[in-house]
Amino acid sequence: MIFFHEGQILYTYLHIAADKPQAQALLAKKVKAVAYETITSPEGGLPCLTPMSEIAGRLATQEGGAKYLEKPFGGRGVLLGGVPGVKRGNVVIIGGGIVGLNACKMAVGLGANVTVLDISASRLAFYDDLFDSRVTTLFSNRTNLIKCIKEADLVIGAVLIPGAAAPKLISKEDLKLMKKNSVIVDVAIDQGGCFETSKATYHDNPTFVVNDVLHYCVANMPGAVSLTSTLALTATTLRHGLNIANKGLEKALADDKHLLNGLNTYDGKLTNEAVAISLDIPFEPVAFN
Amino acid sequence: MIFFHEGQILYTYLHIAADKPQAQALLAKKVKAVAYETITSPEGGLPCLTPMSEIAGRLATQEGGAKYLEKPFGGRGVLLGGVPGVKRGNVVIIGGGIVGLNACKMAVGLGANVTVLDISASRLAFYDDLFDSRVTTLFSNRTNLIKCIKEADLVIGAVLIPGAAAPKLISKEDLKLMKKNSVIVDVAIDQGGCFETSKATYHDNPTFVVNDVLHYCVANMPGAVSLTSTLALTATTLRHGLNIANKGLEKALADDKHLLNGLNTYDGKLTNEAVAISLDIPFEPVAFN
Amino acid sequence: MIFFHEGQILYTYLHIAADKPQAQALLAKKVKAVAYETITSPEGGLPCLTPMSEIAGRLATQEGGAKYLEKPFGGRGVLLGGVPGVKRGNVVIIGGGIVGLNACKMAVGLGANVTVLDISASRLAFYDDLFDSRVTTLFSNRTNLIKCIKEADLVIGAVLIPGAAAPKLISKEDLKLMKKNSVIVDVAIDQGGCFETSKATYHDNPTFVVNDVLHYCVANMPGAVSLTSTLALTATTLRHGLNIANKGLEKALADDKHLLNGLNTYDGKLTNEAVAISLDIPFEPVAFN
Amino acid sequence: MIFFHEGQILYTYLHIAADKPQAQALLAKKVKAVAYETITSPEGGLPCLTPMSEIAGRLATQEGGAKYLEKPFGGRGVLLGGVPGVKRGNVVIIGGGIVGLNACKMAVGLGANVTVLDISASRLAFYDDLFDSRVTTLFSNRTNLIKCIKEADLVIGAVLIPGAAAPKLISKEDLKLMKKNSVIVDVAIDQGGCFETSKATYHDNPTFVVNDVLHYCVANMPGAVSLTSTLALTATTLRHGLNIANKGLEKALADDKHLLNGLNTYDGKLTNEAVAISLDIPFEPVAFN
Amino acid sequence: MIFFHEGQILYTYLHIAADKPQAQALLAKKVKAVAYETITSPEGGLPCLTPMSEIAGRLATQEGGAKYLEKPFGGRGVLLGGVPGVKRGNVVIIGGGIVGLNACKMAVGLGANVTVLDISASRLAFYDDLFDSRVTTLFSNRTNLIKCIKEADLVIGAVLIPGAAAPKLISKEDLKLMKKNSVIVDVAIDQGGCFETSKATYHDNPTFVVNDVLHYCVANMPGAVSLTSTLALTATTLRHGLNIANKGLEKALADDKHLLNGLNTYDGKLTNEAVAISLDIPFEPVAFN
Amino acid sequence: MIFFHEGQILYTYLHIAADKPQAQALLAKKVKAVAYETITSPEGGLPCLTPMSEIAGRLATQEGGAKYLEKPFGGRGVLLGGVPGVKRGNVVIIGGGIVGLNACKMAVGLGANVTVLDISASRLAFYDDLFDSRVTTLFSNRTNLIKCIKEADLVIGAVLIPGAAAPKLISKEDLKLMKKNSVIVDVAIDQGGCFETSKATYHDNPTFVVNDVLHYCVANMPGAVSLTSTLALTATTLRHGLNIANKGLEKALADDKHLLNGLNTYDGKLTNEAVAISLDIPFEPVAFN
């Protein structure tokens, strides 16, 4: 249980959309809470989430392919890039967004045989532009997915439906089609995961096995590379933080609508519409000037 | 039947190692015959054969992948590079020499999923240096070959054992494992071919079907791109030709041991050792100064 | 003549904008006709046309460069990529859209000397990002065009003015400036072609010669790679098809405005504005809920 | 202690050059011992060692960079490739042979800032050809080494002096110049290691810390990817193994001088000159026919 | 002083936003003035400025790195790409827009060790897509900037704040942290420069030295490659020019709103809003039809 | 005139093969002279010449293409890489050795349209491997040369015949075929140059014009990047220098035959065979142990 001071300013990751008790506590204490995850940017997107997605995507390949596929860690004992004369490992990436793109870059870099599935034709065309013949792109549908996981050494779940639980694309039963000691990394675990069998784990015991498939489902993957993650995050959050400190919160919110988008609670009001809808609490916008 | 003039100078492709009647005619007529195919170069290799191998290799992918895989030409109707979202065609190249390398460059260029098999680990490492994750390299053995042809849309036979008949790596029976309407290009057809079912064809009727597999076995592939082939060949042969014309044959041979290596018959003597052995005719070296 | 059933649902390519009799038949029979070619996507663009453009673009290089430039097919006998020491073939691509981009990827992949012309500076900058020194980009104007076709072995017409006839950029007279037995592929043939001398051909007799220049003007190019084309198309159309089947057409249209954009005729009304204007038939929008 | 049968045939890795008791046992029992590590190939090199060096090199980057640099494993918490906006990790590879090349490929693939040091200018030029601006090459000397390790996140020791102990290039004292929690991987550990502080470790406890620098010194690195390693090794050793089985050892040795180079002991004689010198046992060559 | 004719049409670069006397003269003479720099394009952006930015960016690397870093020109005597075994030059590019991108392409092409700083994470991600491990991307902040210039051989200032003076990112004092005889190129000199010590120079005496740092601040960089610049500019301006000539100015303006955006003065009215604001002169829009 | 001390040790570039007076002085004074330029290496080649060739090659593109092609320096005003929409500059490199390779890397890097001519097919195949479609390779003959220089903006002469004067490939008359204000860089100037009109120049006045073609013929090109050159040279020469200092010259020569190859004069004897032949002075080998 977290205790808040009356009227305090909070500037951090909140993730209260699925945490009503915490939201209610913030409202009760009239906390002025700016949530990293809902701050927007002039270029679109959620600038405080993007670097964490980039890191998680890159780590997904490293964790799954360069660590847990190794025999001493319980994997198949496959080197992703193979060596000349020996087959390369098959990496299947489900979802071609920021996480998938970064996972793909690392998998291609390690020399793996990479397949990316997505439902967006234009996103797959972007992969074709960037990676040409180094990646196979496939429309994501049940037929293609099942074909792919049968051959996979490493499957990375990188499916994101903004503001919704991730769809369960691979069932417990499907795992039986996979190779023994192959590896799954579920980067969508924050949103419930895209494998039926996923459940969140931590860095001190990151994996478990279901139907002979190793699961890596660490929710806070970027914590593994804390130095890189800290630099990436502060580069994004510092500017707003300095503005809040220098100008005062209200003036900072008045000057920058993207920061205002980050405001989740203020003076007992729930000020972010999406969060309000998700929590079924009345949405009360505030304005500053 | 070709008629030779007594003592004439012949400077061209001869290929008499397997053509005893022609060899005997050359000897009988005391023809001074320099064969392109046995001329050597200071850098090693057979400089008048190399460009033809490069062209044949590049054409192998074009003929097999960009032409005969098309539906109207009898193939599977597969686009080698696929398009974003649709699987790329599988190209299997047996033999990683000059022919294989050039076939591979074109197949990678067209976006295919390429596998190269060779028995030389260091040659496969060279592919790994050049193509990194754009090509899968495999040691050539029966197990790997059979796995590969089952998945192949296009198989290119580029096996070369210098001075010997090409080994028959794929039997007629093996073809049944292949996909219906897949394509085989046998670049080793000059040396008998590396598929059991290969038989030489010509540009005016270049293909035939065995066990539902389309065979392209044109012996003189470079003839299809006659302009390019002529430029490549004359760039290599012209220098020696001018020397023969300007200096006289004997002086030209005296000045350049690589041209001398090209001399097959002279004054009724068979002057090239390998050809002599192959024809079981006494080898009689000649010297000029 | 196609006969329609009264009130039937039609879900396919229609292309009635230039086919008034067919449009009138659809209206008369109150056909509920959804045309692939006017369905839109959330990401913009026409998702059922894009894969066909990608395939046609890639094929344009294959057909023109890897087939009809060959001597036995009537071309100059030039290998697009040349070989070391011999000049590469010149490929000129007019229009840098989806067709041009895919033609360019294949031409670069085959090692050709590629020039792309477009009137959009930002599109050319995109080519510079993607291909760096492997492609020459030129502003498309008469001077540059004429300079280019004089040197070309293969010219690919990939000009698209959405919803309009393609401009005739190269006249019959201009062809006399081109090299004898060079090749033209007109991918804009669907819209009348961008060469004055183009006329639609079919896979069974795909080429003809005007002023010593070989013309390839097959209107249905993707048909040559039917397997790839079918997979690409169904990946795009299946989802809507299932929705129509499962929900009924009206509910499917109500749920998805992009499908609604595909509706061309309904209950005797012409429901697509652009098609209506083109046919000079009154536009009568319909709504569902 | 290993017990040998009188006169048995042994075909495996022996490594007796530094193990006199085992050598003497082999001689006493008149074992016919063919050692993988001294078999040669027509292309030069030691074909049974090369794939293990390739695997060890690739793993060196994976182990050091993608695993032990992570915070939970004791490292600095640095992601080798960084993310856009955040500095990439520095990888320093000492020695540009097969191990170094493969480590370099993986480090470049992961997006690291890579420096390779070697004493051979022509080897560094080869890196420049292969990696252009993606790698910094430096002459290996004390000045450059010290500058490099000060900035390094990961140092890979890949120094090989054939048939000799690896030179100790980095002393225990030097480690104090390195960043806290940086990582060292010593691939030369088989030959004593190229860091003063290295000592061989095993997969079940692979690392230790000296002067705040994490050391990874597993002697049998390829064991971590046992499937890949087994395929790579058998592809190389199977052919000779079959020959020994099918022809008998003596005939196989008579037919292939490269296998004969692998013969270390035969009928109580030490038959490999380098091993003999190293063990100070008389060299007694044998011949077969 | 420029004299205008009463009511004349002017179609050229004007840059009057900071030049009130000229603006007033244009108004007084009722000049119909279309300014290249405010013409827009359907694709967004300022099409007559973009090619000049591309050229200036590419030249920035050439001038700074390939010319003034040379010893005879006063620089450090460093070859940007180094040679195998010798450290590459460090190029720091401040600002990742069009100028920065083109400077970066050339610097990577010359083999330099390149760092790009920008405040936009998504722009840096674009660099990561395009250049992968060939460029280091850093968030632009004071800490990163100072670290970078300390190591730099060449610093390129490519900062652009549209319609505003460039920020002074590097002070005269900061220069003391830089290496002696390093080089600065200030491409933002048109907008006042982004180095405190910058002042505009000309091609006949392009450089000066402050605190041992060579400054190159030529305002009209594209003039150095006049042929390329002319072709690039006329490709962009010719079309509008022909329209003005053929249709008359008013009709041309009526037909094309992007040309209309270029109109700065007309009939004594200041017709461009941004220019009006900047000059504090009333904005009087005009319309044509 | 250089004065030598009796019996002194000299370790530097000598270049006495064409300088008999200096050779005689060295012999008369019994100077023990080791010449950098004749030291060999275990890997073949002349290790003290290679880095200077690499630097000169890279500089050739920089000097010619990135400096003297500019208008203010007298050139055509062409930007080598062009910009999107505008033709790239044509760079012709005659000779594909070390100089040519490094010139080519820089020219490709700057985005030029590059053609490399060489008489060796296998060398051109190496370029094809390394640069694929980014470079056109042509056999070097009169026809190809003339075609190339007509189109060239920059011609780099990089012809090397070891131990002989460079052939004059381009005559004064040929220059008239070239474009006005195009640029020639003659890297073979040390050996007399490969253009008839070349004569050695210095950094303080590096260019001159003949037949409207700008000539850059600085003999000591690496001097322009003195820092890089010094590092490259000392990395190569230091090891031998230390051996001479630590062991004494005679012991150092006895221990290393590659250093011994560098010995040109010793105790009044001319000890290098090639130099002796060139100078027509008796060759008197010496041995040490």
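The first chain written gets the first letter, and so on, giving A, B, C, D, E and F; residue counts start at 1 in each chain.
In this section, contacts are C-beta pairs under 8 Å (C-beta built on N, C-alpha and C of every residue); 3 or more make two chains touch, one makes a residue touch a chain.
Predicted, not measured: the structure shown is a model, and the values here were computed from it.
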Chains contacting each of chain A and chain B, listed by label: C, D
Set of chains whose contacts include both chain E and chain B: A, C, D, F
B-D, E-F or D-E - pair sharing over half of the A-B contact pairs: D-E
Chain centre separation in whole Å, for chain E relative to chain C (CA means): 38
Geometric centre distance via CA averages, chain D-chain C, whole Å: 55
Where chain B and chain C are represented by their mean Cα positions, the distance between them in whole Å: 38
Overlap residues in chain D, where contacts from two or more other chains coincide: 51, 54, 81-87, 105, 108-109, 111, 121, 125, 132, 139, 235
In contact (per the touch rule at the top): chain pairs: A-B, A-C, A-D, A-E, B-C, B-D, B-F, C-E, C-F, D-E, D-F, E-F
Partner chain C, residues of chain A touching it in the complex: 120-122, 125, 129, 132, 139, 141
Chain A-touching residues of chain C, taken from the complex the two chains share: 41, 43, 45, 47, 50-51, 54, 105, 109, 130, 235-236, 238
Residues of chain F touching chain E in the complex: 51, 54-55, 58-59, 62, 66-67, 69-72, 76-79, 81-87, 102, 105-106, 108-111, 203-204, 223-229, 231-232, 235
List of chain C residues in touch with chain F within their complex: 81-88, 108-109, 111-114, 121, 124-125, 127-128, 132-134, 136-139
